[in-house]
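Dumping the structure here so I can ask a few things about it.
Order of writing sets the labels: A, B, C, D and E. Residues in every chain begin at 1.
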Amino acid sequence: MLEHIVFYSLSTLVLVCAIGVVTMRNTVHSALCLGLCLAGLAGLFASLGADFLFAAQVMVYVSGIAVLIIFTVMLLGRASDLHLRQVNDQWMAALLICAVSSEGLLKIARFFSGTLATTAAKPATRDIGRLFLGEWMIPFELVSLVLMAALLGAIFFSRSEASR
Amino acid sequence: MTLAHYLTVAALLFLIGLFGVLTRRNVIGILMSIELMFNAANVNLAAFDRFLHPEGVAGTTLALLIITVAAAEVVVGLALLMAIHRNLGTAYVEDFNLLKG
Amino acid sequence: MIEHAYLLPLIAFFASLVMLFAGKEDPRSPLPWLGIGAMTACLTIAVSIFWSAAFGGGVLPYERNWRWFSLAASIGGKSFIVDMSVGTLIDGPAAVTLVVVTLVSLMVQIYSVVYMHGDTRFKRYFAFVSFFTAAMLGLVVSSSLLVTFACWELMGLSSYLLIGFWFEREGPCEAQKKAFMTTKLGDSGLYLALLLIYAKVGSFQLSQIQQFFDNGFMPATVATVIAVGILVGAAGKSAQAPLFIWLPDAMEGPTPGSALIHAATMVAAGILLVSKTYFVFLASPSAMEAAGWMGLITAFLAASMALVSFDIKRVLAFSTVSQLGFMMCALGVGGFTSGLFHLTTHAFFKALLFLGAGSVIHAVHTNDLRRMGGLSKKMPLTFLTMLIAVLAISGVPGLSGYYSKDLILADVWNHDHAMFWILLFTALMTAFYMFRLFFLAFWGDDRDHEKFSHAHESPVLITGPLVILAVFSALAGAGLDHDGLVSKLLAKPTISVMPGATAAAVAVPVDGAKAETAGHEARGESSGRGERHESHLPPWLHMTAITLVLCSITLSFFMYRGPTYALADAVKANLAPICTLLERRWYFDDFFYGLVALADQAAALAFWIDANVVDRVFVDGWGLLMLIFARISDAFDNIFVDSAVDGVGSLGNDLGVGLRSLVKEGQVQEYLMYAAISFSLAATLILTR
Amino acid sequence: MLSLITWAPLAGALIILMLPKEKVQTIQTAAFLAAAISLAASLAMIASFDRGTAAMQFVERWIWIPSLNVQYVLGVDGLSSPLVLLTAFMSVIALVGSLGIKERVKEYFFWFLVLESGMLGVFAALDLVLFYVFWELTLVPMYFLIGVWGGPKKEFAAIKFFLYTLSGSVFMLLSILAVYFKSLPHTFDMLELMKTQSAWDPRFQILVFLGFYFGMAIKIPAFPFHTWLPLAHVEAPTPISVILAAVLLKMGVYGLMRIAYGITPLGFAWFLPALITIAVINIVYGALCAMAQTDMKKMVAYSSVNHMGYCLLGIAGMSATGFSGAVLQMVNHGIITGALFLLVGVVYDRAHTRDISAFGGLAVKLPVYSGLMAMTCFASLGLPGLAGFISEFMCFLGAFPAWKWQTTVSVLGIIATAAFFLRMLQKVFLGAFNEKWAGMQDMTVRELVCVVPLALVTVWFGVYPKWPLDLINATIVHMLGK
Amino acid sequence: MLNLGLLRPELILSGLALAVMLADMVLPPTRSRWLYHLAWISAAVVLALVVCALAQPASRGTGSLWVVDSFGQFFKMTTLLASVLCLLLSLDYQALPSRHAGTFAALMLFSTAGLMYLVSASDLTLVFVSLELVSISSFVLAGFERSNPKSNEGAMKYFLFGAFSSAIMVFGISLYFGAVGTTKLAPGPAAPGPMLLLALVLIFLGFGFKASLAPMHFWAPDAYEGAPIPVTTFLSIAPKLATFAVLLRVYGTIFPAAQYGLQALVGLISVLTMTVGNFTAFFQNDVKRLLAYSSIAQAGYLLIGLAVGTPMGLEGVMLYAFIYVAMNIGVFAVTQAVGEEGGYGLDAFDGLSKRSLGLALVMTFCLLSLAGIPPLAGFMGKLYIFSSAIEAGRYWLAVAGVLNSVASVYFYFRIVDRMFFRAPSADGSPLRVGPYIYGGLAVAVAGVLFFGVYPEPLIAGVSASAHLLP
């Protein structure tokens, strides 16, 4: 029962915030919604027993990315933007696309409507670490290269011309 | 709680993200929507790991990688946005129209 | 000499080549004498052939062949190589014709030395004449239909060159084109006949084809088609209705050239071709009948047109057409001998008439009969020779024309009485218009003093040939008629005609089987031997005909003896519509001009279609398709966006959002939309199937 | 031997590419030498050609791309050897005619020689891929030769030519590939394919044939794919028009006989009723279109459409006479039409117009030119004694037994042909002299050197066609003697 | 079974990339050109390593997430070749900010390394991560003319599209994981569930973005036009070909026998891609944009090989890929040489044959080769690809292919037309061409001509390498 309450409340939070992200007129509000949504997702991960994922989600996304986005919004935002519609004119088409796609995607979900967890959730941190330093070493290291490239790019782009 | 519940949440999240990508006029909005889509995949992975393939941790681990990569993308995207904002003074994608056939 | 008959065309041909390329163009060039010498040599050979055929022990027909080239051929899925031959085939008609051709050509050339004197293209003229003669000689001697056809076409070229000799003027240009195109039209019939013959027989050798017919292998219908094809070809060259339109215009060329065309070469070729392939006609009675009627109609029409013409050469031209009609008619009713006999005699007096006319024109510098008159005083020799010619063509007894025309009338009488009466009437018209010409030119008083005062008798190089031809015109008939020489030399081919049969018998329809038997019998009875063909008019009819001719001449005398022509004018006034009809030449020319115009329009239409339909559809259409594709692809990138621009433009204003530029090309979200659509399609289509 | 013939021009082209572009004289000499070597070699080849056999001669066989079993096979028989000789000969003639080219000489001769190599290769190649490579090799040089040195609409003409012929030949490529995969073992060798094709089912053969036909029909050009030709001819410089008419069009007919007939006989047989119709349309319609022209060059171009119709007619009869007639017609048309284009070029060089009605009475002023022109025109309209007649007649002979009515209708085309040539002769050369051209000179030595050999050959083949026919006969008999 | 030794070239290149990055910090700004040299030498060294390893069976094998086989080595070769040549071309490109040479060179090497990992990957995790490495480096590279709004905009569009398609692909990978239980590539079940099918399609869409297949191609013209031209060159070659390699590997492994009916879909996308690419190119007046559409169309031809799915199709893709490197390098090198003076409008090519005949001829040969005119290498490539379609009985693919080739001639010849038939617009003085461009041109011409006339070595090499290790 508790499981149900947790799941439904968290997923409601996630979906409502997600809708907020895409519909809010004020970008700052959107960004805040994103933070909440990501937090809710972290909760969902926790409910799935993915403890390490929960932690990473909170650390990277909620406290990292969301904040970064909010900062950027603040940096670039202009007062006039607040009065502009943030949704473009193809929203109906987009809605149609989403509706059509939902048919297929939800069908897949329905396919598993009887699937229950067979085992209890167990801490996976050790296994993850083993995987990263064993079989998955290369992707793990590659991600560091990805971050390095992103870093290079970020530095390159955000350095202002004047500082040359 | 069945797998279907989680998959439904993931699917809806993905579709909301998709909708946002297609409709947000602001680059940041699009970026955020893309993050939603990435997270939908993460929910999928975590749920599959739990319900279908509990013997390993590959799904969760992949989700971790995705989180990291997504972070990197956001970083590059925002930096690019800064640069473009400096040159064009706008963050609205419909203003990016110098290049056309 | 008969084995060297191939020399005839070759000598003439090389003479023409030498004259064409050697030396400089010079009004006093001695080169024409080369041509005359060559023609004399030819004449010698021709005469020797004639002599041996007529009086010596020469066996006719004589055939000699050489390999020309090899041709691949297929029959029934098997392919092999067959040899094409070139060679000579001399039979009686050929022996006679050779003499006629070479003699007339020689006379014409001698005559021309004076007549063409001073022309800027003096030498070239003689080259053309020699070439023309060479082509004709080649046609006469060749043993292969293919070579015959080649010479036939070359003759078309020669006539083109000769008629258009004075190409600076508009008239000759038009006339030469008309001549070439009209004969070409006829040639296409011959072309088809050749194709059909080869398809059936597999050879072009006349002797082999004849054998094929002899054996009765040729179905009657096919024979008819072939015969009609040949007839169309002959109609073109020999100026039969309705293709005679070119001949009256052909007198735009130099007058001696006209003499050559009208007497010895061009027009004779058609008749000669029919005679060479006479076995085809014999196998097809309906084609014979067609030939007969064609000749008859031609003779009548041409004679009627000659009645109203005032151009001396044009009258002569019409008379040629008419006489050719006689010959064709004769061949059509089975009068092989009479037709060819008339061809021979006609050659002499028609050459004489043209050369005489040329002499007159040379003297008075006009073609118009109305500006001549009384020339007998100034040009006695010309007057006399012309008189002989006119008498001959009118069929006055004793002269050559009488003999041949008499034979023709007899053959026609035996065939069909109706045809006879029409033909007889035509013969009367002939006598009338010939004497009309004669009286207008030589009789009475001079009507144009200036012309008259300049007139003078021509020099000996002109009158000499006139006299020689006059002698032949007078005597050739009697000479050839003597001792059955005509029947011997110009014997009718014997296939499929039962011995002793009259011409009328030919009209009996024969089917293949019957023809075969007939052929067998004929070969058994009388191959290589002339058929004793003696047909005569009933005496009463004969006398009537002669009387009527004399009456006709008398009528002509009273109408045209001058000095006024009240009677003629009265007739003309009373028969105005008919006169107009005749002057318009029965509207044949208009008909063909209409055809030409039609062809032009067809051409214009074809080209329009080509440029605007075919090109558009198959080339530009191809390109257009590409462009449409390209537009669509481009639209894939742009068009929705463009429409969005319009839509959003208004929408945006309404909503008050139009602060920003709403030009929405290169929109990344449009791009993303397509990607999303493909995603959604994938998701639904794959999962819901 | 064949390699020498084929590659000598290309070698010349590469040498020219090395030469500095200022040395016009040297470039011309080099080009001429290269083409002359090719001509000499092909003459030597013809001299030692065995006329009695239908087998391929002078065969050279090397493995080119073993993985795909593509070979470098060259060889000639009676079908291709006259065309090889024609190509080498006309190239030399056209080169002489090209001496008048003054701008971008180096590029011109470079492309010209590349073109020559391609054309020779097409006729010598016995491997389908090799054939296709040579076939396409002619496109690019032609594009440049028309596009750079052509008339006012040259660029359009060039791209139209290129795109149109290319779109045909790619279908040929597909057919080539289809044949390759059908054969066992997979091979591109024409001779092998001709032996093995009999087992293929008719549907497949028809499809493959259509692919081949599409490529070749455009080249021929057969109705309704002919409309690139007048434009390309009119816009191309004179020597290139000569090459285009004399050689390039022949590639199509040659391909039709060698490949379409040889490899897919059932498809070919299936197509015959359409082919004869196309032939008749080509003949009659081509002649009618020519009649409507006022531009001499365009008129000659349409006359090519008409004359290639005779070739198609001969082929459609499926008889040895028609086939050998078609081959001979190719050669004769090459020579005659080549001469016609050269002659039209002569007057265009002087008057800078080709409008028929702009002239008049030129025969007075230019007797030599007029004589040659008249002779060539008569040769083209099929006057016996000149080359055009005998081959045209053979085509008709070949077609007549199988297609009586169609052949009969085609005879109308002969009349129309005569009509437009005579009209042209009359308007340009006869009649009153147009004083506008009083200063016009008769033909120069260079022009005579171009045209007179062609005229001599025209007479030679017209009077004594034994020589070319003996080259052809054995092969044709073998081809149709199955 | 880690078998890290198999990845020696990749690891070395990654190390060298980091070294270049570090060297950037150490070197004084005036010497920054050295970094380019360092970078291309690094890539060349690794290329040499790969080439040397080609012949050694010991260098092949299976690792945990990767597999090294001759197929992969072949594509690594093409990638490295493109990378070396593009780095060389960058040396002659003036508009790059010289003080960021280190960043540029390092990112190029990162990208190259990512592509090599990608080619070797036999696990979707590695595929995803390496693809992201390539993407993120490319985003930055595309926007490298920082102060040029066009470059910014191109990069931004590229980025948005790339991130979006990454998201789709990741979603697909998650579904794949759900269906299979692992991210390893393994033969799929004979009767796949809908989830697996959807997963495969979504992954295909993700690759489609990288390979610029319609309808995921829209970013390409904008990004190509905006990016600095050496980067455009790189983007049009290396990621595209590597993506094809991984596509072949993914689909070759997952469904060796059963095709799941996806081949028709792939064929359709192939036709759509080449048609859209070719026909949209008709109206382009910017050469870079035109060439972008051209390379979209080329991807369509390559996709025929994939749609056919036979060994011959595989070989065709490899053959064409190799030839494509030469052709595209040639075309872009000339474009760079011309564009440096006159911009990238079509009219910059006016009268090029008079200014520099050699350059014009090279351009012509490469364009003709792209159009597939014999006897140039592109013809051989197309011959092989179309052969595979006909061999498999897919005539419609071949017909669409040849018709598109014909259409492509039209826009390729718009450039040729300008080079040869127009007069130079400006002074008509000979073009100044940098020495490194000559290097690129030499490779291009040699490849295009040699492999056109004698493709045997290449074909033999390709058929020897066309073996996928499981």
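Just so it is clear, contacts are C-beta pairs under 8 Å (C-beta built on N, C-alpha and C of every residue); 3 or more make two chains touch, one makes a residue touch a chain.
Bear in mind that the values here come from a model prediction, so they are computed numbers and not experimental data.
Enquirer: Can you tell me the least number of steps between subunit B and subunit D, where a step is a move to a chain it touches?
Expert: Graph distance in the chain contact network comes out at 2.
Enquirer: What chains touch subunit A and also subunit B?
Expert: Touches both subunit A and subunit B: C, E.
Enquirer: Starting from the Cα centroid of subunit B, hunt down the chain whose centroid lies farthest away.
Expert: The most remote chain is C.
Enquirer: I want to compare two interfaces, B-C and B-E. Which one has more contacting C-beta pairs?
Expert: The comparison resolves to B-E.
Enquirer: Please identify the chain with the largest separation between its CA centroid and the CA centroid of subunit D.
Expert: A
Enquirer: Which chain, with its centre taken as the mean C-alpha position, is closest to the global C-alpha centre?
Expert: Per-chain C-alpha centroids compared to the overall one single out D.
Enquirer: Taking each chain's centre as the mean position of its Cα atoms, how many Å separate subunit C from subunit D?
Expert: 35
Enquirer: State, to the nearest whole Å, the distance from the C-alpha centre of subunit A to the C-alpha centre of subunit E.
Expert: Their C-alpha centroids are separated by 32 Å.
Enquirer: Hey, how far is the Cα centre of subunit A from the one of subunit C, in Å?
Expert: Taking the mean C-alpha position of each chain, the two centres sit 100 Å apart.
Enquirer: Taking each chain's centre as its mean C-alpha position, how far apart are subunit C and subunit E in Å?
Expert: So the centroids are 75 Å from each other.
Enquirer: Scan subunit D for residues touching two or more other chains and write them down.
Expert: Residue numbers touching two or more other chains: 163, 167.
Enquirer: Please list all residues of subunit A that touch 2 or more other chains.
Expert: In subunit A, the residues touching two or more other chains are 84-85, 88, 90, 93-94, 97-98, 101, 104-105, 107-108, 111, 136, 139, 143, 146, 149-150, 153, 155-157, 161.
Enquirer: Spell out, as numbers or ranges, the residues of subunit B touching 2 or more other chains.
Expert: Residue numbers touching two or more other chains: 10, 14, 17-18, 21-23, 30-31, 42, 52, 56, 58, 65, 69, 72-73, 76, 80-81, 83, 93-94, 96-101.
Enquirer: Touching pairs of chains, which are they?
Expert: A-B, A-C, A-E, B-C, B-E, C-D, C-E, D-E
Enquirer: Provide the residue numbers of subunit A that touch subunit E in the complex, in ascending order.
Expert: 104, 107-108, 111, 134-139, 142-143, 145-146, 148-150, 152-153, 155-157, 161, 164
Enquirer: What residues of subunit E sit close enough to touch subunit D in their complex?
Expert: 353, 357, 364, 368, 373-375, 379, 383-384, 386-387, 390-391, 395, 398-399, 402-403, 405-406, 409-410, 413, 416-417, 420-421, 454-456, 459-460, 463
Enquirer: In the complex of these two chains, what residues of subunit E are touching subunit C?
Expert: That would be residues 156-157, 160-161, 164-165, 168, 194, 197-198, 201-202, 205, 209, 215-216, 218-219, 222, 275-276, 278-280, 282-283, 407, 410 of subunit E.
Enquirer: Under the definition above, what is the set of subunit A residues touching subunit C in their complex?
Expert: So the residues of subunit A in touch with subunit C come to 84-85, 88-90, 93-94, 97-98, 100-101, 103-105, 107-108.
Enquirer: Please give the residue numbers of subunit B that touch subunit E in the complex, ascending.
Expert: 10, 14, 17, 21, 27, 30-31, 34, 37-38, 40-42, 44-45, 48, 52-53, 56, 58-59, 62, 65-66, 69, 72-73, 76-77, 80-81, 83-84, 87-88, 93, 96-101
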